[in-house]
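Listed below are the structures to be examined.
Shared between the two complexes below is chain A, which pairs with chain B and chain C, respectively.
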Partner chain A sequence: MVKSVTSVGRSGLHDWMIQRVSAVILAAYSIYIGVFVLSTPDLHFSVWQGLFAQTEIKIFSFLAILSLCFHAWIGLWIISTDYLNILALRLVFQVVVIILCLAFLLWGAQILWGF
Partner chain B sequence: MRFSIYRYDPDKDKKPSMKDYELEIEPGSDMMLLDALQLLKEQDPTIGFRRSCREGVCGSDGVNVNGKNALACITPLSSLKGKKITVRPLPGLPVIRDLVVDMAQFYRQYEKIRPYLINNDEQPVREHLQSPEDREKLDGLYECILCACCSTACPSFWWNPDKFVGPSGLLQAYRFIIDSRDTETESRLEDLDDAYSLFRCRGIMNCVSVCPKGLNPTKAIGHIRNMMLNRGV
Partner chain C sequence: MAAFKWPITAISSILHRVTGVLLFLAVPFCLWTLERSLNSEAGFLQVKSMLSGDCAKFITWFILSSLTYHIIAGCKHLLMDVGIGESLESGVLASKLVIILGILAAVGLGVWIW
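Moving on to the complex of A and B:
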């Protein structure tokens, strides 16, 4: 059993599950937004604002940002443990990734709900 | 036929190099790569490689041929393409000399999965019986000869050989997890539930494409993950 302190979950299965569920949410969100953009010929600010004024879309968007945050955290953590062999560099990279992910999550929430 | 062989003697050489050899082979005839290596060794007795059973059972002569891991004794020269056959040691493990690698890391991972039956039930008078159906579950698992062709073809094992058990070890882990006579299923699954031991497998299936015994470690890893999911959801 290998202990890791900077990964998202405390178990490999936990991270594996989050990675897959978040991938499904991100795929669904990308398809939804893609279809919306392609099927709306006259896409201007008010249409865009109208879309994001709906609570369902706000929740869906927030879930997508949350998924992106966890997916990136897990993915980049794995990459850093494969390729960054200098301990200090690895630790700094992982902490920066975690801080950025959390910052984007909060920023996304602020944009969506405007508080 | 031309051969390019990886040569390295840490006592003499500063760094490894490739050396070319020529071997006369009668047109229309074929032989195993191990036989060719033996003939080359007659030309140059300093070439070092491991071999024992010369029939794909002992797993000693795993080498990297034209970029793909294989057992030299069951790889016919006719199956190898190209004008020159390049033979290197198994990648990712420290080289002791020429084609001989240090397998210690590989065996340490094998040791980790407790490769023996553990049964804490009351001991039967004669033996632990197993139904034909339960025995069948071990097919495709017990045949592993620990040649390390799969684990040394796996990038996850190259990057984390001290933490990732590797395809061979995980295939063996599943062999004991699924064995009806073993009572340590829970603790075996628990031992593998970290970010490295099993989950470093990204499913690229290099292990499946190189296994000289035709086994499927990726499938075994999938089975272990499903068992973990079943008890974790």
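Moving on to the complex of A and C:
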């Protein structure tokens, strides 16, 4: 079996599972927010802020960002091994992706718990 | 390269990849918008008026269309993972379906945004 290639999961199969689970969470979140916006034609500030003031939505949102980080990290890792054949270039790309993912996560947490 | 014919399954799969990368690049834009819109009523109104500009509408439409396409193609992926539609014919059919649904969703989003 392929050993931990992306260093996210413990194995290629584990990465594959994470990719699927995070996809389902992201899809559920996108659909939830989409339906909310579509079913609220007169979207005011108080309604919008009220939505994100609920603890469940904060946690759901944070889980979505966390899923996004895993999902994008694994997905972009696969892409980098397909197109970036120079080792140094690939490593730089992967480091940039990790840093961006961490930044998104922290930024998201600050937005959700900071307003 | 010109002689190489792109099968429909390759097109639908490369689009899934391209939209995935686009979505990743769109994350800072989405987070920034969320932050602004939640911080204050003034910020919310600022975002609202900003998003009514033509250029911003186009970007929003582009991001949302990429998202719907990526989700539709992602669902096809997940269905094939559990063993539905794995034969060549059904794969071609599913790819066509994914692209058609993706276009319909993009048109619908366009109508909603403009």
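Throughout what follows, the second predicted complex is superposed on the first by the 107 of 115 C-alpha atoms of A that agree within 3 Å, B and C clash if a C-alpha of one lies under 4 Å from a C-alpha of the other, contacts with A are read in each partner's own complex, and residues count from 1 in each chain.
The working rule: a contact is a pair of C-beta atoms (placed from the backbone, for glycine too) under 8 Å apart; a residue touches a chain by one contact, two chains touch by 3 or more.
Every value quoted in this text rests on a predicted model; they were computed, and no experiment measured them.
Chain A is touched at more residues by one of its partners, and among chain B and chain C that partner is C. Judged by the touch definition given at the top, the superposed model places A:D15 against chain B, while chain C stays out of reach.
In the superposition on chain A, contact of A:I111 is made with chain C only, not with chain B.
Of the two partner chains, chain B is the only one that A:T81 touches; chain C does not reach it. Of all residues in chain A, only 20, 23-24, 27, 30-31, 38, 45, 48-49, 52, 68, 72, 75-76, 79, 100, 104, 107-108, 111, 115 touch chain C in the complex they form. Across the complex, chain B is touched by residues 1-4, 7, 11-13, 15-17, 77-78, 81-83 of chain A.
Here chain B touches chain A in the complex through residues 155-156, 159-160, 163, 190-200, 225, 228-229, 232, going by the rule given at the top.
The touching residues of chain C, counted against chain A in their complex, run 17, 20-21, 23-24, 27-28, 31, 34-35, 37-39, 41, 44-45, 67, 71, 74-75, 77-78, 81, 112.
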